[in-house]
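Each structure below is given as structure tokens.
The same chain A turns up in both complexes below, where it pairs with chain B and then with chain C.
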Partner chain A sequence: MYMFKYVLKRIGLMVMTFSIIFVVCFVLIKLLPVDTTSVGVGEDATKLLTQLKARGYDRPIMEQFGLYLRRIVLDGDFGVGVSMPEYRGQNVWDVFIEKLPPTILINIYSSLFAVPLGIALGIFAALKKNKWQDHVISTAVMVFISVPSFVYASLLLYTVCFKFDLLPLKMASLAEANNNYFSWTMFKSMIPAVLAMSFGSIAGYARGTRAELTEVLTSEFMLLARTKGLTKSMATIRHALRNAMVPIFPSIVGEFIGVLSGSLVIEKIFTIPGVGGLYLTAINSMDYDFYMMLSGFYLLVSLVAALVIDLSYGFIDPRIRMGAR
Partner chain B sequence: MKNLVIRVLAVMLVALMCVGLFACGGNNGPANGTTAGTTTGTQNPNQDPTVEEDFTGHKDPKFYTYNTYTSLSPSNWNELTYQDNNDTQIMSYIAGSFFSYDFKYDEYGEIVPGEFVMQYGAATKLEDVTDAYREAWELPEEGKGYAYKITIREDMKWDDGTAIDANDFVYTMKEQLDPLFQHYRADSFYAGSVNLVNAQNYVKQGQEGWFAADGPYAVYTAEELDSKIVFTLAPAGPLSVGEDTVDAEASFRAAMGFPASYDAAKTAAYLIANYLGGSAFTAEAAAAMEGKTMAEIKADATLKAAWDALIGWWQTDPDEELDFFVTYYTFPEVDFDEVGIFVGDNNYEIVIVLSQPLDLLKDDGSLSYKAAYNLSSLPLVHKAKWEACKVAPAEGATLWTSTYCTNALNTASWGPYKLESFQSGMQYVLVRNENWYGYNMDEYKGQYQTDRIVCDTVKEWNSAWLMFQKGEIDGIGIDVTIADDYKTSDRAYFTPDDFVGSLQLQSDATQLEARQSEGVNKLLLTYQDFRKALSLSINRADYTAKCTTSSLAGFGLFNSMHYYDVENGGVYRNTDEGKKVLCEIYGVDYTQYEDLDAAVAAITGYDLDQARELLTKAYNEALAAGDIKEGDKVLLTFGTGAINESVQRHFEYIKTAWQTMAVGTPLEGKIDLELKDFAAAWANDFRAGAYDVCMGGWTGAAWDPGYFLLAYLDEGYRYAAAWDTTKVMMTFTMKGVGENGADITETMSLMDWYGCLNGYSDAKYDWSSAALEESQRLQLIAALEKEVLKVYYAVPTYNSFGASLISFKVDYVTYEYNTFMGYGGFRYMTFNYDDEGWIAAVQEAGGTLNYK
Partner chain C sequence: MRAQDYKISSEKFVFRATNDNLHDTKLETKPLTYFQDALRRFAKNKASVVAAIIIGILLLFALLAPFLTPFSVAYEDNSYAFVLPKNPIFYNLGIPFWDGGQEKEVNQLAYDQYRAIQQELRRKVIMSDVEAREETYMGKTKTLYSFRLDTYNAVGVKYVELTDAQYKALQAYQDANNVQVILPITEFKRRPEAEQDKNNANIWYRTKLGAGRKTEIVFDKNGNFIPIYEKDTGDGRDQYTSKMYWEGDTKQYNYAEKKQNSWMVRVDYREYYIYQHAVADDGITEPLFLFGTNNAGKDVFTCLASGTRFSLFLAFIVASVNLFVGAIYGAIEGYYGGKVDIIMERIVELLSSVPFMIVITLLKYHFNVSHVLILFIAFFLTGWTGMAARTRMQFYRFKNQEYVLVARTLGARDFRIMFKHIFPNAIGTLITGSVLVIPGVIFSETSLSYLGIISLSTGNLTSLGTMLATGQNYLFTYPHMLLFPSLFISLLMLSFNLFGNGLRDAFNPSLRGTEE
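Let's turn to the complex of A and B:
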């Protein structure tokens, strides 16, 4: 019951936070001046202004906001792109939905590869603490955490894809992959990006797991577990790992929620038609409808992620009870 | 100790892993195996191998794919709404054209460099029918070029087989101008060069509000307009003028390039400081004029005097009074029948009636180059698809929109290729449109060998470069980072453009003096010898090699892209007049050479000894005149719109060149250059005297060098704002232009000479292209070019060239750039390998091609 009330309260706060930020975003973007005079020689200097007026952009901002909400709620209409060169005249929701699959797939593949491998390496390093295996892993972790992902990306592109010709230089188009995101051609073309996205995550999980597990393995309750007759592996799996996962698990949840946001640099380098950079370009181009749709979407994802992560603590560790007095 | 050893070993192991993972093997350099010019074809599985090649090549049993890339995916290749070059990349494949250029061939079948012929395409005939429609459409009583009849082919079809006739073009124009849509390209038919009668009124019908006065009114008539037009120097956006709110700005502001931050007072101050100081146009008068009608201004003696001063400075053409005014206007209701386009006597004749004449035909009735330049086609949409793509306005808006030509399904083609697939941000694929009328035409026999065009979106040039070396794309621009290694490649080609890069030197002595400080001198820049020394100290060949990818040394205001006689392929720079100017400016005595070409080839623009002599001379003169003190340092500010790697490279080179020049002179170690960012206002700031040196140049009007001189002479354009070309006098003899071929000698200001050259109404002579042979105008163009060059406010340094690599797979028909045809494009492109042959060739070469 406490949990239920807590969830309701958090959802209420989430809705309120979302509403305030959403309104602020709308008002602020509308307050920025739009350049309606940049037309070429031999063009009508008033045409951009006329178009904006015909789109209703000259109405009071709060009236525009009301109409905007009405269109979303009643028609599911998030508007059309106006000023981003790659998306002019296109339905913003359709563009977003079209671009989500490559981003999600690459992030999911990356997470599926990085999380188990990172945790496994972390466990192995913890179990081999201060032995050469631990030193190798820790040093590698240090290197991969320190180097930004675009460096891996460039090196992978040059060595694996170009020099050794093991993988494609760019992601396959739908036409090349028989309109199937799950074809082998498509998967193979995503591997370089997946690897580039994974290295940092693997290193992060390995480091976190090693640190937590090392601490837990030296806890008194582990000694108790061994003295009551459990083998080292049984004690580690049943007790140490579960405790060590308390701080690790929320970051895994966060990682999976984060699959909805793309990586601007990785997507550029590997020619992935994803959502990375869409938000930034929308802001720079002052594309109202793209900006608002993306602001709302990512805001919602962030708020839901925060809630889910908080709740996940309770599932992974029964001692934690949200909302209990 | 043991731990330490283990740690060291661990670090070494990780290092070895990294090296192993990222090691770069040696270059196998296999490219020599792929020799251009051999065709190793295999059969296309999609085509019947028994089909013989036909004259178009499109039934060639082999299959040819051209792979290319774009950094930005197109989004909207709708002819009615496209906005930029990014969109036109697909349009150019899927649209036909009425008229086009073609190479000119000599008697041996060889391409004649620089020349062209005109060709009919979708149109079969073009007639000037002005007389037939003069009365009905109230066209001017005299003059031709107001109405044309275009007869189109009867075999035109969309890619889905739907027939196309004149009604489709008229329907499309009605949609193009539909006021409900306010299409982005509607203004092409009332604000561009092809202005249809009543097009603007149709698009804007019912619209009321404030407009720049020269929008609704083309002609200024005092009686009709003085009480309707309102003076304003203020920017667009809500502002108070009297009791009204005005959200338009006068077109004067756009012409001068004033940013929104310049309000009425700041704009007036700028004008007074730079052009109208000491005249009746004062800050007080400007403030009083703001918001007043022309009638009110004329009624007040003080304001009238201010207005006379302002318009006296500004006006060079009739009706330019309107440039300073806005007006409240309601566009009248217009029926589409009143717009100047309709179907002619049959379904294959389109008649257009223009509000401004166009000379699309030569005197003998053949096509002028302007036919393809101004009217290559009219917009055309597939009626059924267009109607299905219309989107009603959202609530709270009135604007109709369209999704036509935003994906493969809603795209229709009447050009040589059709869109097969499109994935935003990823790839589009075009394949041959079998229904294109051109495949039935003899003019295209043996052309268009390309069966398929695949364009990937690759945002990073580095990624594209790797793909090019793998044979995955067939052409790429040469980035400056690889220029040294690849610009001498056999597969490199260089594309000129009409941009001449120049160093602009400050002309405003007052501002230079004001910006001096103790021990820091700038006034030396007012000495012509010093400016000439700065010019002669730059080794242009070395400069362009080190600071640009592929541009070449530039010496004059014009380069090889400026045509004085388009019809006959006359390039100004290739004329004797154009060559002599350069020889005279750079001190090359052409009488000592075999011919003018040899003399021009000897020009380097670089003479360090002379530069040092001139520097010393200028210094001594300045010292004597008190314009510089002994021990003063000359610090020049080099301004730019943004500081980046390229600008930094140019800056460092010029700084070093000028400091080297000073060695052995009284200013040794005392010349310095500083780099400053002036952001978007850099050009206006330079003209206002805010700094000393900038890089600037001009592009445009490449086919009218006489007009192009405006950029260097007119105060609205030229960088040397304080160099008053209305007062700089030139005595010149125009040979053979008087009665019976007599010479005319005159002394006039440079702007007056310019007025004569361009046939200004107030000019003493009309030596415009309409009145005088182009060959005769050359002498005046050359004289004015020399006058600009010899004052050294504009110092040309390079002629812009783009550099590219083309793959071994394909070849252009020529690598000598033709202004009208480029390198022949897809029309003439030939393949050395078909698709499978190419894959085999790349594999044979080890998977990586060497283009060095």
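Let's turn to the complex of A and C:
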């Protein structure tokens, strides 16, 4: 019950934070003039303006916000595209849904690849502490954590995809892959991005696991476990790993929520038709409805991820009592 | 037992060491202050020391490079765009690496064109042996030539338009220095008709319009190029008075073409470049770019130094401002606690959960100021919260300790207790935090310029991210544009992280003695 109340309180606070930022963002974006200059020849600017007017773009901002919320709640309508030629007049939500699969897929693949590998490397390094295997892994981890992802993404693109021609240069379009996101062509074309994306997380998990596990391995209950007759591997798996996972597991949960948002840089380098690219074009061409919806989306994902990470500590480790003084 | 049984006569007592002063022996070791101890333990961490040295070298490079190179960020020369990195040592030794050369595989026409430049200017354009191979593609067989191309000499000849005075000055320069800059002009009606070659000054030989409106070279029966230099009819209409004649001939050809108010001249671009910069007296003696040039012909080396300087400068300022504001905010929060803390903590939470992207885009569109300022404001708006949290934590830990109570009892005011007694405890973590902010700022700045959200390439300003973003567009053709900034930023981030980690361990007193 105590826990339940705490969770409710946290969710309430999160909703409050979200609303404040969202409203401020809405007001600030509506203060800017609507850009119709990008409407090209042959496209009717007046038609667009009429459409915008019908949606209430010339009313006071708070009234607009009311209308915006009502449309979202009643019709699931997040507005229409204005400034980006290829999405002009299209429903924002539909475009977003269409862009979501590549982003999610790449993130899921990279998480599936990175989490086990990172943890395995971390365990290996911890068990071989201060031997050469540990030094090699720790150095590599340091390099991959520090070096920005676009550097090794470019390196990957240049060597593997271009020089040796092992993998395709850009992600296959849906048509090339027979309208199937799970076909081999699609998967193969995603590999470079998945690899580039997972290096950083592998390094992160390896570092975290190693640090935790080395600490746990030297604690007294491990000595007890050995004294009562468990073999070293059994003691490690049964007792050390479980305890070491306490801080690691929440970040895994966070990563799987974060798969929705993806990485703008990686999407740009590998020209992935995902949400990140959409967000970037929306920013650069100042498309309000797209910008609002995607900003809200990113905000929500980051807030929820942070909340879940925080709460999951309490759920997986009964020793941690959340909200206790 | 009675006392008198043990009576000892006073003679039995002897004064010991009557002349010595009795005192404690002096401490042999010097007391270590917190910082001395941190320094001592930092010095033991070899990786961090190496990282600190690398940071020092990079800083020196960023600060001193403008004095080592005559180029500036504003410098650009389109003709020498995309030339490759060239180190004179490797070039003079003829080692096919870092010599401004590029491995090329081209078709017959391009190969002949490079050969023609080489023949006209008598300067090595093709640096290695040529290998030819046949390739059949869609039923057609063509020959491909692969060789190492000197990207500097391949620039060859350019048309330039000179005013009367400039034309005269260039002729005088030729005579004075004994170098031929001006080459004979080609016959107007024999110049290539193909659109893409009309302004190509390198074509000094006869061509014809081939299939697909492409230029085709016409050879004589021995397979040589046929020159199309304009013959001098003796009317002096090129007003060429210089003693220098091409190929030792005594004025057989015309050397300029009269335009409306100017002269159109074919110049040997390398010599013309040297001449131009000798006149401008800007210290540039020849086209030589250690790290090559980018798409606009800017010197990568100079841009790199300038970009690093900018990135570091921004990062240092952001880190110090964050430290200052965060420390004061966190101190107030942590010291007063209660309601003040709850309200201030809410504000921090709100600010820190705004995605950085939203902050920067809104700032960008609302304030029409330079992107540097926007970047700085954005970093500041969201950056200091981390520092505040650290300071707050330390204040919570120390504010109820006895020595604080003593200070308060003695009548110290809040401000004094906060900054004289409690704050020094937080200095270690704050310094570490500030150092680790630096790579974070550099990384964010780089990503933002890379994504094109902010643009920092105006006038004499460039940043590592801008260079990376430009380099990305030419990844497959000119990887050197991306290679150097990438290497540099990787080194920078790596050494700052290692340095920061070393500092963190050194400033953490609980790790004392664990490393032995």
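The rule is simple: the second predicted complex is superposed on the first by the 290 of 325 C-alpha atoms of A that agree within 3 Å, B and C clash if a C-alpha of one lies under 4 Å from a C-alpha of the other, contacts with A are read in each partner's own complex, and residues count from 1 in each chain.
As a convention for this text, a contact is a pair of C-beta atoms (placed from the backbone, for glycine too) under 8 Å apart; a residue touches a chain by one contact, two chains touch by 3 or more.
What you see is a predicted model; the values in this text were computed from it and never measured.
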**Request:** Report the partner of chain A that touches more of its residues: chain B or chain C.
**Result:** B
**Message:** With both complexes overlaid on chain A, does A:R88 touch chain B (first), chain C (second), both or neither?
**Reply:** first
**Message:** I'd like to know which partner A:I269 touches here: chain B for first, chain C for second, both or neither.
**Reply:** both
**Asked** Does chain B (first) or chain C (second) touch A:I145, or do both, or does neither?
**Response** second
**Message:** If we overlay the two complexes on their shared chain A, which of chain B and chain C does A:A175 touch? Say first, second, both or neither.
**Reply:** first
**Asked** Between chain B (first) and chain C (second), which does A:Y158 come into contact with in this model arrangement: first, second, both, or neither?
**Response** both
**Message:** According to the stated criteria, A:P60 is in contact with first (chain B), second (chain C), both, or neither; which is it?
**Reply:** neither
**Asked** Does the superposition put A:T46 against chain B (first), chain C (second), both, or neither?
**Response** first
**Item:** chain A positions touched by chain B in one structure and by chain C in the second
**Value:** 143, 154-155, 157-158, 162, 268-269
**Message:** Under the definition above, what is the set of chain A residues touching chain C in their complex?
**Reply:** 13, 17, 20-21, 25, 28-29, 31-32, 142-143, 145-148, 150-151, 154-155, 157-158, 162, 264-265, 268-269, 279-280, 283-284, 286, 291, 295, 298-299, 302-303, 306
**Request:** Can you check the complex and tell me which residues of chain C touch chain A?
**Result:** 349-350, 353-355, 357-358, 361-362, 365-366, 439, 443, 446-447, 450-453, 468, 472, 475-476, 479, 482, 486, 489-490, 493-494, 496-498
**Message:** Which residues of chain B touch chain A once you look at their complex with the stated criterion?
**Reply:** 3, 6-7, 9-11, 13-14, 17-18, 21-25, 72-76, 78, 81, 83-84, 86-87, 182, 184, 186-188, 190-193, 200, 204, 207, 211-212, 215, 236-237, 247-249, 251, 254, 260, 391, 393-399, 401-403, 406, 420-421, 423-427, 429, 456-460, 462-463, 466-467, 469-470, 472, 700, 847-848
**Prompt:** For the complex, which residues does chain A have touching chain B?
**Reply:** 33, 36-37, 41-47, 49-51, 54-56, 59, 63-64, 67, 70-71, 75, 77, 79-81, 84-91, 95, 98-99, 130-132, 135-136, 138-140, 143, 154-155, 157-159, 161-165, 169-171, 173-176, 268-271, 273
